[in-house]
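The data blocks that follow each hold one structure.
Shared between the two complexes below is chain A, which has chain B as its partner in the first and chain C in the second.
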Partner chain A sequence: MKINTENLKEDMNTVSKIERREFLKIGFLITGVFAGGTVLSLASNIRGAFASTGEFTEKYPYKPHYSMLIRQNLCVDCERCIEACTKTNEVPSYGYRTIILEKVVPDAIGQKREFIPVLCNQCNNPPCVRVCPTRASYKDKNNGIVMIERKKCIGCKACVLACPYNARYFNEEVHAIDKCDFCFDTRLSKGEKLTGCAAACPTGARKFGDISDPNDFVYQMIHQIEKQVWVMRPEAGTKPNVFYMKA
Partner chain B sequence: MDKKNIFLFLIILSISCLAGPLMLSASDEVSHGGDIIYDKPVKAVLFSHKVHAEDLGMGCDSCHDGIFQMASLTVQKEADFTMEGLSKGKYCGACHDGSMAFDSDSQCARCHIGVKGYDRAQGIKSGE
Partner chain C sequence: MADESTSSKKSTIVGELARSINPTLMSDLYSNVIEFLSGTRSFYVLLVLGLLTVFGASVAGLDAIRMGYRHAYGVTREISWGLIISTYIFFVVTSTGLCIVSSIGHVFGVKNFMPIVNRAVFLSVVTIFAGFTVIFFDIENPFRMAIYNAISPNMTSNLWWMGTLYGAYMVFMAIEYVLLLLNNHKFATYAGLAGLISGIVAHSNLGAIFGMLHSRDYWYGPYMPIYFIASAVMSGCAAVLFFTWVGYKVNNEKMDKPMERALEAVSKLTILMISVLLFFTAWKVITGLVGAPGKQAAIMATLAGPYAVNFWVFEVMLGMVIPFVLILYTRFKNINVSFIASAMMVLGIFFMRYDLVIVGQIVPAYHELGINDVPALLPYMPSLHEIIITIGGLGIVASAFLIGERVFRGHKDSGVH
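Moving on to the complex of A and B:
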C-alpha cells in the first residue's frame, strides 16, 4: 500500500468505536479532523483517561518505550535526515527507510506547501509482524522496536503489503526486507541516544526519545493537555509510536 | 546658442527619442533577476523577484541599496546567511520580521521549497 498525501485522506467515520476507545485508553481524545482533512487529530487526554500520570506511564508496555515526535511544520525538506539515514544504515539507492511527503495546497492563504516525514511507526500492534510467515519480523520485547531477523526473511513481501505506512522495501544487497529500526543496530545499541535522522535534523522537526519517561522531551511535548497530537492512519488500529504535532 | 550648437542639440534629441523606446524594451526583458534558488546551507530556498518586485511592486532599491547585490547567490557565501542571521534582521530578515512581512521564524515551507522543489526546478525527477 503506497502512502501519499492523497490516500492519507480519512474522515472521522472511518474510525470505529473500538478504535476510539483504544485511543482513549492510551490517553488521546479524538478531537476532529486535522486541517486539510488528511489525518485525524488527537488531543492528549491523560487527565481524562487516567487518575494519575503514574498510571498513564504504566500503559506504555516497553522500557524504554522509544518514540518519535514529528513537529511537522518545522520540516523544510532539506532531507539531511534521509542523507544521514542512508549513510548510517547503508540504504541502497533504490531503497529508503524514511521519506518526506510533500503536500501542496495551492489555494491556501500564505504557506502553500507542507512537508510530512514518514517512517516506520514501530506499531504496538504491527500488521507486518502478524503476517510474517517465518517470524523474521518481530517486535522487540524490551524496547518495542519492530525488527527483522534477516536470515529468517524469505522475501515474500507479505509485510510490505500489510504495512499501512509503506515503510518496507526489499533490499537486494542483503536479500531481505529492510526498514527503519530507529537505528537500533547502528546507533542505539552502541550507546547513541538519537537516531541518525533526529541527530541530523537541523530544525528540530524530528525528536526522538522515550515516551514512557516523564523527564523526556518527547514525553513532555506529547503530554501537553492543550496540544493537538495525531498519528497516521489511526483507523488501521496499529497503535503507532510516531506522533505528529505542530511546534 | 549658435547654429552649430542647435544642430548638435537636435541630433542628441533625436537620438534619445529613438533610443528611449529601444532602451525601455531592452530593460523590459531583464526587468529584474527572476527566481533565485539557494541551496546552502540547506536545500532549498526560493526567492522570487516576480513576487517582490512585480506583484508587491517593491522598488529595486528596497533591496539593492545595501541588503543584496545584483548578482545571484553572492549572499550564499556569507557565513550568517542562516536563520539566525535572518532573525537578527539581516538579508531576508530585514523585512521578514513579523511586521513588514511574515516572520522568518514562521511558515517555514513558504520560503523553503526543499529538495523536492529544488529537483523540480532543475528538471530532475525525484526517485520516489
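Moving on to the complex of A and C:
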C-alpha cells in the first residue's frame, strides 16, 4: 500500500493505523526483523551470507561447491519436495531429511502465514563432523557435502545433538545416522543436475546450484545486495551453504 | 645405553612385582571365599536383590536391542540422549570422584585419607564398569565402536578422547587395585597417578562434549569441563561417606580411630566441594537469565518450569543445602549424620546429571523462528526399559560392592606404608 507522506508532515493523528504499520514494516525490512526471525542487518548479511570473496573460495575450495537457495515466500507447502526426498532416498516414515516449518503471525498485515523449508545446511564449519568419534561423518573434499560412511557410524548420536538444524536422525534400516546429502548418492553421482526436492518443487522455492560458478543462478542470486539474503542460525558459526531470501 | 637402562628398569619392575606376590596368596583367596560364604542372611538377601536387578536389566537391554532403541526408549530425534546417558554420566562422575578423593591419600600422601583408599579405588573400578555397561545399551552399534575408535580416530572429537581415556583409566585403576591387594604401594601409586591423570582428562572431555556444542546455549562454554571436575570431587566425597558407612554395617564392625578421622576429613572436603558447587550453580543460573533466549528458556524450565522440582528439591536441597547444613551442624564428627547427608547427596547428584543432560535438549532447534506446532519446550519421559537398565546399573554397583566387602574383608589390608 502507498503511504501518504504528506500526512506525516502535518499531524500524526491524521495517519491511519494501517499507514503507520506499513511505515514500520519498511523499517523492519531494513533492519531485518522480518528476516525469518534471524535478525541480520544489511551489513552482516553481506558478511554472513555472501560467499564469493577471494578468502572464501580459498578457504572452501570446492568444485563444484553445491549450495541451495530457498526463496521462502514461494513455498506453498505442497510437500512435493518431502515426497520426492522420501522416495529418492528411501527415508523411513519415522524420519525425514527435509521438512517444511510453518509459521503463523496472527497480527501480521496481509499474508499471515509463511513456510520455511529446512534441510541439512552442508555447513562449511560442520559441528557434526567435529564431534564424530570415528570420522563416520565427514565433509567431502571435492564438493563440500557433509556425508556419512555408514559402516563407521557407532550410533552415539553426538552429531544429532551437535547439529543446530535438527537435520539428523538414526535410521534403523541402515543402522546409521541419516541426513540430507543433496541426493549425492541417489542423483548427483549418477549425472543428475538437481536434488530430488529441487527437481520436484513446482514454484521454484528450492533452487539448487554451484556457488563456485559465477554463471549459476544461485551464485547470482546470493551475490547481490538489492535483496536480502540470510542463513539459518548464523550465531552458531557454522557457515551454512543453504541460503534464504524472498523472491 | 638408553636401551640398556630401560631394559634393566623393566626387569626391576617385573622382579618387584614377582617378589610382591605373596606365596600364600592362593590360600588367602581360599579363606576369603570361605569368609564370603559365611555372610549373614540379610547380606545374601541384598546381594540376590542386586543380582536380580542386573539380570532384569540384561533382559530389558537385550529386549531393547531386539525391538530397536527407538521403540524401547523414550528418546526422540530432538531429545536423543535420555536417562541412560545421564546414568552413564552419574557413574563415571562418581568413579572419577572416587579416584580423585583416593588419590589425595594414595598419590599425594595425605595420611588422613589413607584408610579410605582401598574401598574407593575398588569402587571407582566398579562404577566405571557400571557406566560402560549401561552405555552399551544406548550406543546403537557398540561393536563398530571397538573397531573404528581404533582405526578411524577423530582427534577433534571430545567423545573419542573421553571413550579412549576412560578405557585406559579403567585399566589403570584396576591395576592400582590389584597392586594395592599385593601390597605393592610403590607401583600402585604410579598406577594411581596414571589413573588420576587419564581420569581427569577423560572427565573434562566428557564435560567438553556438552561445552563444545556451540549451537546448544544451555551447555556451550568453558563452564562444563570445569564444572564436571568440581562436581566429580563432590560426588566422590559423597560416595566415600556412603559406601564406607554401609561397608562397616555389612561387615558388622566398629570403625577404628584412623577410619573415623578419615571420614571426618572427607566430610570437610565434602563441605568445601558443596560450597564450590553451590557457587557454580548460582552463577550458572544468574548468567543464564541474561543470556541467549534459548539458554533463558532452559534455565527458566529448571527454576519455575517442568524441571523445577528436580532442580529445587533434588539438586539444590537434597544434593547440596541439607547435607551442607547437616554436616556443618555436627561439625564433621557424627559419622551417622554424614552418612545420611551423603545418601541425600547421591540421590540429588543423580538428578543433577539427569537435568544436565535433558534440559540441554528441551529447547527446539528453531525456537527463535516462532514455529507453530512445535512446543516451546520438548517433552521427554524415560521408558520402562530405560528405567530398568538404570536400576540394573545401580544393581551392578550394589552387588559388586557387597561381594567386595566380603571377599576383600572390608578393604582393610592397605593404606599404611
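Rule of thumb we're sticking to: the second predicted complex is superposed on the first by the 187 of 247 C-alpha atoms of A that agree within 3 Å, B and C clash if a C-alpha of one lies under 4 Å from a C-alpha of the other, contacts with A are read in each partner's own complex, and residues count from 1 in each chain.
As a convention for this text, contacts are C-beta pairs under 8 Å (C-beta built on N, C-alpha and C of every residue); 3 or more make two chains touch, one makes a residue touch a chain.
This is a predicted model, so every value here is computed, not measured.
J.: Overlaying the two complexes on chain A, which is it for chain B and chain C: clash or fit?
T.: Here chain B and chain C can both sit on chain A without a clash.
J.: Touching A:Pro164, do we find chain B (first), chain C (second), both, or neither?
T.: After superposing on A, A:Pro164 lies in contact with chain C but is clear of chain B.
J.: Considering only the touch criterion stated at the top, classify A:Gln111 as touching first (chain B), second (chain C), both, or neither.
T.: In the superposed model, A:Gln111 contacts chain B only, not chain C.
J.: Just checking: does A:Glu102 make contact with chain B only, chain C only, both, or neither of them? Give me first, second, both or neither.
T.: A:Glu102 contacts both chain B and chain C.
J.: Chain B or chain C: which reaches more residues on chain A?
T.: Partner touching more chain A residues in the overlay: C.
J.: In the overlay, answer first, second, both or neither for which of chain B and chain C A:Gln220 touches.
T.: neither
J.: Tell me which partner A:Ser189 touches in the superposition: chain B (first), chain C (second), both or neither.
T.: neither
J.: After the superposition on A, what does A:Glu79 contact: first (chain B), second (chain C), both or neither?
T.: Only chain B is touched by A:Glu79; chain C is not.
J.: Give, as a whole number of angstrom, the minimum Cα separation of chain B and chain C in the superposed three-chain arrangement.
T.: Between chain B and chain C, the minimum C-alpha distance equals 8 Å.
J.: Of all the chain A residues, which ones make contact with chain B and with chain C?
T.: Residues common to the chain A contacts of chain C and of chain B are 94, 102, listed in rising order.
J.: Would you tell me which residues of chain A are touching chain B in their complex?
T.: 73-80, 93-94, 96, 99-100, 102, 110-115, 202-203
J.: For chain A, which residues count as touching chain C in their complex?
T.: 36-38, 94-95, 101-105, 116, 118, 127, 130-136, 151-158, 160-166, 169-170, 172, 175-176, 232-233, 235-238
J.: Would you tell me which residues of chain B are touching chain A in their complex?
T.: 41-44, 102, 107-110, 112-117, 127-128
J.: Give every residue of chain C touching chain A within the complex, in rising order.
T.: Contacts found on chain C: 68-70, 77-78, 80-81, 139-142, 144-145, 148-149, 152-154, 156-160, 163, 209, 212-216, 292, 361, 364-366, 368-374.
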